[in-house]
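In the two complexes below, subunit A is the common chain; its partner is subunit B in one and subunit C in the other.
Then we have the complex of A and B:
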């Protein structure tokens, strides 16, 4: 995590200051949009734990995001608000349990098969909610009341207020970032990176690789569930689309676009992805082409993939190394630096 | 920690006897008998070299002992139990370490981090998620000792990918040592090394002999005769001769198997 060193930390702190000040600009639309982006950033960081650190390319991560939304919608009473204190942990527990069961199966496969089996589980979940009446079928379910957040009798935050919800999401995004950064710097985190680099050797050194991967998978599922919970709270509505493979693909693209294996990369990726989506579908600027925003989006992603193999975070690191000239450029953590092969 | 206990039990076993014995160890690949009815013993303080032409089944034998492959038949007796069929991480945790013929290290990591990761593998702190990986003094010391033993103390912060071939082979061994094994399975540690590097690797193996039971797979006959106390010759998956190196060297069966081949026992 030391890549880029001082410059990078400064850039991240500045970005955080910008995000704290952002709602003061008073734009309802953009406050909502940024809230949505930060929720996606949590989602993308949870996937980065698998893709960027453990070497597990999951193409079914929307399963956790969507399952969390449905779990919340089904566990809250229809006409009164439930407490966040129990609905959030309960939702994340449901997702962790789902990850534990599916992980025990999918982690027995490797490479392309892992990609296909994660996709298959997400699709199964999609059809469970799409084709049965459990979650209102293809129409989905409304969540009429946002959860409340009280300590005793005093309301800490009113999630119906945009700014309050914005700051809750921002705080959780920072918390998830710090939590994962801490975790990845620990012996446990180093073992995950070792498994990503060379699982066979890790096993030969005595690491029970399967257990490590399962732990990462469960944690990733729980954090993916956190993002799905927040998204369901924000939109007040869930339908099967939130589990679709488009959603799994989008979050994977955010991770790759931003730079996997960096944590802040997926956050940047979430911003870049959603903002590009907004930009290219802006009729005022692109007129008739705005309808075909996916074309421009695809081109942008191809350009990043070709010219920035480490994603947008790689660009930041490069600038960081130049700005920090005088400091040794080698990354002692070894997660992003050094030759591969 | 049952594995820890059995490793300790093994360590306490009376000297002289074999710490690890294979009995009728066999591995089939379809119709091919890669390892056929092999019975060998490894003793602490002894280098047991296994030689033979390419395709003799030496690396397959190593893979069976390390758990990379499961045997089709036979036993691997160790610490009062049978290792046959156990997964590699369990075997490693019981005190059997191996190095690979093809260098198998973590290229993007520094030398120290490679060793630290290896040392961490059996530490009770391995699952602590909120302490920095480098903050455990016992793990760090174990890694430093392994680096020093393998002659890499001066390369601590070098990224493994930038090491010379010989140094990467040393790192391969250092990682193995960082797990504090009783049994060392060394698969061609001298492969691709220059004469100077080979000489220091031979010295390293001699140094390690005292505290370890070593199985050495090697093509370099000078090295083999310099370090081995026991020599087994394999051809086509079978043991054709086993015993003290000088006796084996002069065995008619071995002469016959090697004569006409490119390898020569006297080369």
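Then we have the complex of A and C:
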């Protein structure tokens, strides 16, 4: 794994310390914004498991994110708070089940066809919620009460409080990162990377490739569901837009922008993507051009695509290898740079 | 459903399908031959529509606007290929996706800067602004028939270009083996540039001729892009013939879906795609 490197671990720990201290700065707006970003980071990491490690490019990952939101909205009683202890596992189970059924079908295709079939299933789900009355049609549903988190009679966290929710999301983001890193370092993870590199060889070696891919797909769906659950709790509202292809596209961009196949890359990507939106639409800095923030955002994305063959994480790795001068420099520069110009 | 009503839906479905073909054929060529996943293809459709609107209000003639617009879109295609796209032929598809996603944002925002965010109508040229009566209260607009005819002519021209001309031979050679074609003295870079410009111009042209029917509005490229990817996948990647069959299939399915089963109309196209891919995982046709 190229996840190693002292510099990198140090940078990640520093970033974590920064995130822990962040709400102390006391800005309501930025605490909310960072909560939203960390939820997107969980979403992006769940997609990285497919795109970066298993080589399965899904263009319909918002299906799980949106399904989780609707599952929560439909399973909680309208005027009283439900417990997180059962709504979260139930939501993730719904998403895992959906992933199991659709995964069994979509994993029969590969390459661009996989991209399109995942899109097709997400679009079908979009239209189920958009055109029928199950989930309030195109208007969506409100979730009036945030779930409560109690142990016995004592409340552990009050999710109505911004800081409490922030720390819950931060803890879950770190947990998902550690879980995936652990898993991907195991035989299972190495088998996934092997399937990405050469599926025929893995099958010849006796690995049931289809089952491995399906397991990764189900886990990815369940974790995508986790992020969708948190987003629905944060906004208190779901509508079909959360399943739209724009949402699937945005999370895919976060993964590629940040650097796929690294886990921390997609986290960086989520931060970069949302913060760029905030930066370029800042009226104090960009004045009348703030309205046209997508222009600067688009140019920034194009520059990354042209000049950073491994996304933003590649930049970090490069710096890391220079800083860890003692360690042998692995192929952080990427093999694709030769293709330039 | 009586016969006249059925006929109208049939003609609408065919016209919509033929229009989709113009956009999708460029997309399938760029993908099948050059290996580029071009998410910005819908933006060219949008740009075409806006060009038609702004040039038509300047020149007072839709035909002049389209002629000028086609020249501009060809130039845009050449410039884009030269500046950006050609550096991405050897790169992973995902970076092409990232690049062209960035392009969507840039084009959409350029549109907002230059033309604003309002919805505009484009008048049908006077010469074509009448309808053929079918029954007492049903009639069919001539402009739609003209669009269908123009699309058919272009499809025929494309077939002849690919099957019968020297350039077509180079395109076919480049699509089956890039290195071999190059070592036989074909200037593959030029061929790729022409294909890309052709794709951009076709998508732009589709936006231009459809502007009087669909009106002109922000983000109009997104829906077309997704539907055209569905067309490309159903038809088989790189297959122009497949794009034609799939376009008509989708055009008819969506038109009749909206009339017969409006509750699930949005889903029909995707159900169709899933069904085709379960039956034939590589799409209906192989190559050109």
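Just so we're on the same page, the second predicted complex is superposed on the first by the 325 of 341 C-alpha atoms of A that agree within 3 Å, B and C clash if a C-alpha of one lies under 4 Å from a C-alpha of the other, contacts with A are read in each partner's own complex, and residues count from 1 in each chain.
Please note the rule applied: a contact is a pair of C-beta atoms (placed from the backbone, for glycine too) under 8 Å apart; a residue touches a chain by one contact, two chains touch by 3 or more.
Owing to the predicted nature of the structure, the values given are computational and were not obtained by experimental measurement.
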Message = Contacts for A:182 in the overlay, against subunit B (first) and subunit C (second): which applies, first, second, both or neither?
response = first
Task = Answer with first, second, both or neither: which of subunit B and subunit C does A:302 touch in the superposed model?
result = second
Which of subunit B and subunit C A:158 touches, first, second, both or neither = neither
Task = Considering only the touch criterion stated at the top, classify A:139 as touching first (subunit B), second (subunit C), both, or neither.
result = neither
Ask   = When the two structures are overlaid on chain A, which partner does A:131 contact: first (subunit B), second (subunit C), both, or neither?
value = second
Request  = May I ask you to decide whether A:253 touches subunit B, subunit C, both, or neither, giving the answer as first, second, both or neither?
outcome  = second
Task = Could you figure out whether subunit B or subunit C reaches more residues of subunit A?
result = C
Ask   = Does the superposition put A:292 against subunit B (first), subunit C (second), both, or neither?
value = second
Ask   = So which positions on subunit A get touched by both subunit B and subunit C?
value = 339-341
Request  = Mind listing the subunit A positions that touch subunit B in their complex?
outcome  = 182-183, 185-191, 194, 197-198, 200-209, 330, 332-335, 337-341
Ask   = Mind pulling up the subunit A residues that touch subunit C in the complex?
value = 51, 57, 105, 108-109, 112-113, 116-117, 119-121, 123-124, 126-128, 130-132, 245-246, 249, 252-253, 256-257, 260, 291-295, 297-302, 304-306, 309, 336, 339-341
Query = For subunit C, which residues count as touching subunit A in their complex?
reply = 31, 37, 39, 84, 87-95, 97-99, 101-110, 112-113, 222, 226, 229-230, 233, 237, 263-267, 270-271, 273-274, 277-278, 281-283
Ask   = What residues on subunit B touch subunit A, complex-wise?
value = 66, 68, 87-89, 92-93, 98, 100, 104-110, 113, 116-118, 120-123, 125-133, 136, 139, 157, 159-162, 175, 179
